[in-house]
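Only one structure is covered here, and it is reproduced in the block below.
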Amino acid sequence: MQNRFPLRALMLASAVALAPAGAAWAETPADTLVIAHQIDDIISLDPGQSFEFSGQDVVRNLYDRLVDIDPLDLAAGIKPSLAESWEVSEDGKTITLTMREGVKFHSGNPVRAEDAAWSLQRAVKLNKSPAFILNQFGFTAENVDERVTFDGNRLVLQLDQPYAQSYVLNCLASEVGSVVDKETVMAHAEGEDFGNAWLSTNDAGSGPFTLATWRPNEAVQLTANPDYWQGAPALARVIVRHVQESSAQRLLLEQGDVDVARNLTPTDVEGIAGNDRLKVMDELRGRILYMGLSQKDPLLSRPEMVEAMKYLIDYAGMESSFLKGQWKVHQNFLPEGYLGASDENPWTHDIEKARQILTDAGITSGTVRTIVRDIREYVDAAQTLQAAMAQVGLTLEIQQMTGAQVLDAYRARQVPVFIGEWGPDYADPHTNASTFAHNPNNADDAGLSQLAWRNSWAVPDEMNRAVEAATLEGDTDKRVQMYLDIQSQYREIAPIIPMFQKIEQVAMQQNVQNWTSGGSVSSVLYRQVTKE
Amino acid sequence: MVQPDMLDQPGRDGPPPAAGAPSGRAMRLGRRFAGVALSLVLTLLGLLLVTFVIGRIMPIDPVLKVVGERATQAQYDAAYQAMGLDKPIWQQFLRYMAEVLRGDFGRSISTGHAVAQDLRRVFPATLELATLGTMIGVLVGVPLGVVAAARRGGWIDQVARVVALVGYSMPIFWLGLMGLLLFYGILGWVGGPGRQGIVYDGMVPTVTGLILVDSLVAGDWAAFRDAFSHIVLPAGLLGYFSLAYISRMTRSFMLEQLSAEYVVTARVKGLSERRVIWGHAFRNILVPLVTVIALSFGSLLEGSVLTEIVFSWPGIGQYITKALLAGDMNAVLGGTVVVGTCFVALNLLSDILYRLLDPRAT
Amino acid sequence: MTRTTRAWLLSDAPQTRRQARLGALYQGWLTFRANRLAMVGLAILVLLVLVAGFAPWIAPQNPYAQNLAQRLQPPSAQHWLGTDALGRDILSRLIFGSRITLFIVGTVALIAPVIGLFVGTVAGFAGGWVDQVLMRITDIFLAFPKLILALAFVAALGPGIGNAVLALAITSWPPYARLARAETLTIRRADYIAAARLQGAGPLRLLIGHVWPLCVSSLIVRVALDMAGIILSAAGLGFLGLGAQPPMPEWGAMISDGRSYILDFWWVAAMPGLAIFVVSLAFNLLGDGLRDVLDPRGGRE
Amino acid sequence: MTPLLSVRNLRVAFPTRSGLFEAVRGVSFELGRERLGVVGESGSGKTMTGRAILGLVRPPGRVDADRMALSGESILNLPERRMRRLRGARISMVMQDPKFSLNPVMTVGRQIVEGYRLHTGVSRAQARDKALEMLAAVQIRDPERVFHAYPHEVSGGMGQRIMIAMMLAPDPEILIADEPTSALDVSVRNEVLRILDRLVRERGMGLIFISHDLNLVAQFCDRVLIMYAGRVVEELPARDLHAARHPYTQGLLNSLPRLDRPVERLAVLQRQAGWRDAPPEGAA
């Protein structure tokens, strides 16, 4: 790749001939952080509804939660936030949180236990995407008013089972646990919507930033909250601008028109390596790229076929080419950084072994179909697999579709080979265990949403029970071991093959300090970012 | 276009009819416009119906966008009913029509905003781009086409032909990215992707939504210069494409007129070639030319999705495409209504201009 | 061609209808041949057809053979046009892709003008409410954002090159209908139509026998000029991920693949871009030449 | 006395794919203050002769002559700028069909005024008066109204009279009338001709009357040139037309129906290749 044609050099030469003055290098205002990012997935900024990556990035900075995780200090685990302290009852079913005094919402209203209780009740009753996180503890629209209550400055949660404390708090640390300003939101309620329409495009939080504007597919602007209870943010403004193309993000960054670019492709990251005004930060995220093999398919449901597929995937080849620097091989459903995550990666690209397995099973030919979302990495991964399968006499038909269509087919259990990502919903291992390794009812009409169910995989009862039991184990060490065991068995039998874990490569100007995209468990945090 | 001669009575003079029957002409015009208006309304209605049906038969499930990937069947069903999707299509359509007539386009599920609010934001972005692009196309394309026709076979004609054909044949996203790399990345002559520099973002109060206009209204020259430096490249690109089309059509129209007898008459009178071409032939191509320009403007108003993506231009093309891919039918319908109305309005406008420019029109 | 054949063809007093017709064709060919650019266009297209026909013999390598170690190689002796992100030979992919391009162009050129011709001539010939209804429908399709309509069709029919082409055809007929109708309106009152009618020809016969042949030439010109647009639209659908399915070497999809590498590995997108450009240009040049031959309004002095 | 116009050995040729096409091949004649008829079938080169005199043969057509002089001054291949000063001012032309030869999007008045002002440089008001005067001169009863009318609002006969008014307004010395009546109704033909005749006589102009209609020319003109295949085959006074000697002229005459001498079948015009090359009879 060293002797590639110097197009840029050529263009530069002709440009210099054209314009002796040359280009001036721009700089963003010193008190403003400007980020180029794909943010067209945001459909709402209501913490009771928001469930998209970019939306959560915004919500996390507008609101505070009862408890929190610091992505810059993951080892510390759960930290107090709006709740100063908490205690669990003897039977493990009641959690009482004590609210911090003197914190104010952006509106000036004080943050009360009543707001916290109402926020959780609201999220459950709204019943939007993230509601299930709270539903896990037995809260339903009917009973949540009794189960989530407040008493003075204390919030009381009554669970239906003695869940592990870490499990409950990890869930409360997710965006759906944000505390919203009851008075402000209710003033904007329309009908039975709990102010959802209004809160989708406005903010009513107590977080380090307030929402200045959100223009969908265009930009989000945040303004620092100077009265933030943990101290005012270092920068006065954060502007996130939607830039679709990696090349455009890179140009903006190189020109100094943005401070941070978050969606550079591996080649563009490589391309800026020589630029000493810029740096690239790698951060391990929680997303898993996996392959699901539908057990409805007569060929894919054969265990030998599943086994062979594990050896047909060119893990190292992909990791070192089109996924370079942005995905690392990871063959377990729990992402690194999660409690109990396993780091064993037993499978390698081994065509001969796959051929042997298939020949022994009498499989010498066959055709399967994959429906893959029109995202470069997925399509390239599918094509690589296609080429490998061709070597052992198997045909892979690739159908490229839009995200919505793929999801539709996947939910209808009609995707034979699925290649795509899964992002954890909250910071507890159960988030992935419950979807990869849990399927209580494999019937077509069960209407479930687990990945196991979508791949028509009847998870053995033993594994179902192990997953459920892990949520109730109070001893963290024991809990870790339980998850390691589940993952070990999973690698043996599951027709769902985790392949890679996401590394976010954030490119930024040299002067940007303390950036975090949220690690594997959280979202981006702007409060501590500085520019020197 | 040959009108029956009103005075074709041999050897007798009579008053020209235009002055003779003003009320008749007015009535004819009135009736004609009523007819046009009716057909426009029908076109729009049909447009809505087609869009609506497409939205319903399309295998993209809007509910999923609302409830998200993790939704349980119960959540899904609740949202399905809340969105009124359980009702028969014709009922849904009637309900939608009633809302549109009240000026309510509903809420977009892919942006969380009211569709009307979104459109007020994205349409001016496209309008600004399309207008500037068309202006470039007209200001360069028309003279180029006229000169090419006047000097048929000459070097200007050949150059114009090549320029136009290259314009027709270039993949726009390729040209766009390369332009961005050269003029922004290397030369730094123009602004980068987006409508404005970050510093100016939200600094000019929104009046029309056209940043160039708004910054002038606010008297903010720096903001105007900034906005101009951002729009000039994408507009130049779109302008190039409409230039290609407009110059070819102009040339073809001019060739037709230049072979007409009245051009010989004009030459016999001793008029200069410039006067023959611009004063006589050109005036005769105005009518079809206006139609061509309107069509080209209309197609730019649809929003060039690819240009918008390359230049991070938050226009209506991207908006509708994104909404469509998400099954966000309120947004698609709203966007289609706006685009369709523009198209229809441009039709009407070229009809009116035709009546103004061509004395033979009744 | 012998001198006498030439003289026979160019005779200004043809003895038979066949001689007249062939003579007219030959005259047209002479006009066309004199247009050097149009001949260049024709030559390129002939070349394209040959390349498509003999693709397996011409292509230096297997267009589907991946080699991740050899990805994104610049043009070299081994890979004349370099390799793409999966290490496939770009030249071989372009050569095989010419078949898809021909398929797209051929299919759309067969479907869209025919629908347009039918709708337009029927509307123009029948007049009255038939005309009104058909033209309103045409207007609706015209007023519809074209890419959106194509997207909707592809979304409804499912992705794939066949459906993409179908969607393009379905969305691109209205201008042809307009054109055909305008032509029909001028032909409709012509004396020879009246003559044919007096001889007892029915409306269908008039339409097929007398109206269609006269509309065809201007449609052909228009099609040739539109072809470039169709290739680019197909490429646009590919760009949005709705065209050809991987690993098909469709040129638009190839550009789309290459755009992520455009700043450092320009050839990945530039080579298919160049191919599209050359073929589009060829169609445009051809269309331009055809217009001079077939369309009197192009202005022959 | 120098003739108004003297043309010797005029040739007009166009390159085509099948070689050089010679539209006019050595036409010679002189024009005084008289009415000269030029007769021939279509394609005989008569129209091209008229255009060549006006310098209106567009490239790639080529005009060539031993001599082409207006009142003794050579006007052969003058630079365009100088030719423009002659056109309209000293030589003018009326064409066949006013429907096409009048600009459809300009009022009649403007079209008349435009040419007149160009050559005389008078004020707008003066030009307007002149235009109205000319319209009256061609017997238009309500000049004021017609002045503001568009061409499509007037009849063919009136259109041709407007054309005449427009072309005669700057007082040219020579008028070329190229089939000025063949697109008109028979009933208005005579009227237009009468007006044309009167104006030409009053002003003492030379008129070249191009037509395919032998009878008309015979009645209307003083002298007749008969053209065939780009050549003048015969030249003779109009009153002697019946005594024409050239077989082509005779053929033309015989193919016309005559009330005074009805025949069973009209003779079919016979052409002979030899005529193409024979020197024009009567040309000295």
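Lettered A, B, C and D in written order, each chain numbered from 1.
Heads up, the rule we're going with is that a residue touches a chain if its C-beta (ideal position, glycine included) is under 8 Å from a C-beta of that chain, and two chains touch if they have at least 3 such contacts.
The UniProt protein names, listed by chain, are A = Peptide/nickel transport system substrate-binding protein; B, C = Peptide/nickel transport system permease protein; D = Peptide/nickel transport system ATP-binding protein.
Since the model is a prediction, treat every value here as computed from it, not as a measurement.
Between subunit A and subunit C, the least number of touch steps comes to 1. The fewest steps needed to get from subunit A to subunit D, moving only between touching chains, is 2. Placing every chain at the mean of its C-alpha atoms, the farthest one from subunit D is found to be A.
Comparing per-chain C-alpha centres with the mean over every protein C-alpha atom, the closest match is chain B. One simple way to say how far apart two chains are is to compare their mean CA positions; for subunit B and subunit D this gives 49 Å.
Separating the CA-averaged centres of subunit A and subunit B is a span of 40 Å. Distance between chain centres (mean CA atoms), subunit B to subunit C: 25 Å. Residue positions of subunit A with contacts to 2 or more other chains are 8, 245, 247, 251, 402, 405. Shown for subunit B are the residues in touch with two or more other chains, namely 59-60, 177, 181, 325.
Along subunit D, no residue makes contact with two or more other chains.
Taken in their complex, subunit A has these residues touching subunit C: 1, 3-5, 7-8, 245-247, 250-251, 265, 267-268, 270-271, 314, 317-318, 320-322, 374, 376, 379-380, 382-384, 386-387, 398-402, 405. Of all residues in subunit D, those touching subunit B in their complex are 51, 54, 56, 80, 84-89, 92-93, 95-97, 99-106, 114-115, 118-119, 140-142, 145-146, 148-150, 152-158, 163, 166-167, 185, 187-188, 191.
Contact residues on subunit B toward subunit D in their complex (touch as defined above): 2-3, 5-11, 13, 15-19, 260-262, 264-273, 279-280, 283-284, 286, 357-360. Every residue of subunit B that touches subunit C in the complex is listed here, in rising order: 39, 42-44, 46-47, 50-51, 54, 57-60, 149, 152, 161, 165-166, 168-174, 177-178, 181, 252, 255-256, 258-259, 299, 302-303, 305-306, 317, 320-321, 324-325, 332, 335-336, 339-340, 343-344, 347.
Here subunit B touches subunit A in the complex through residues 59-61, 64-76, 78, 107-113, 118, 121-122, 177, 180-182, 184-189, 192-194, 197-199, 201-202, 309-312, 314, 318-319, 322, 325-327, going by the rule given at the top.
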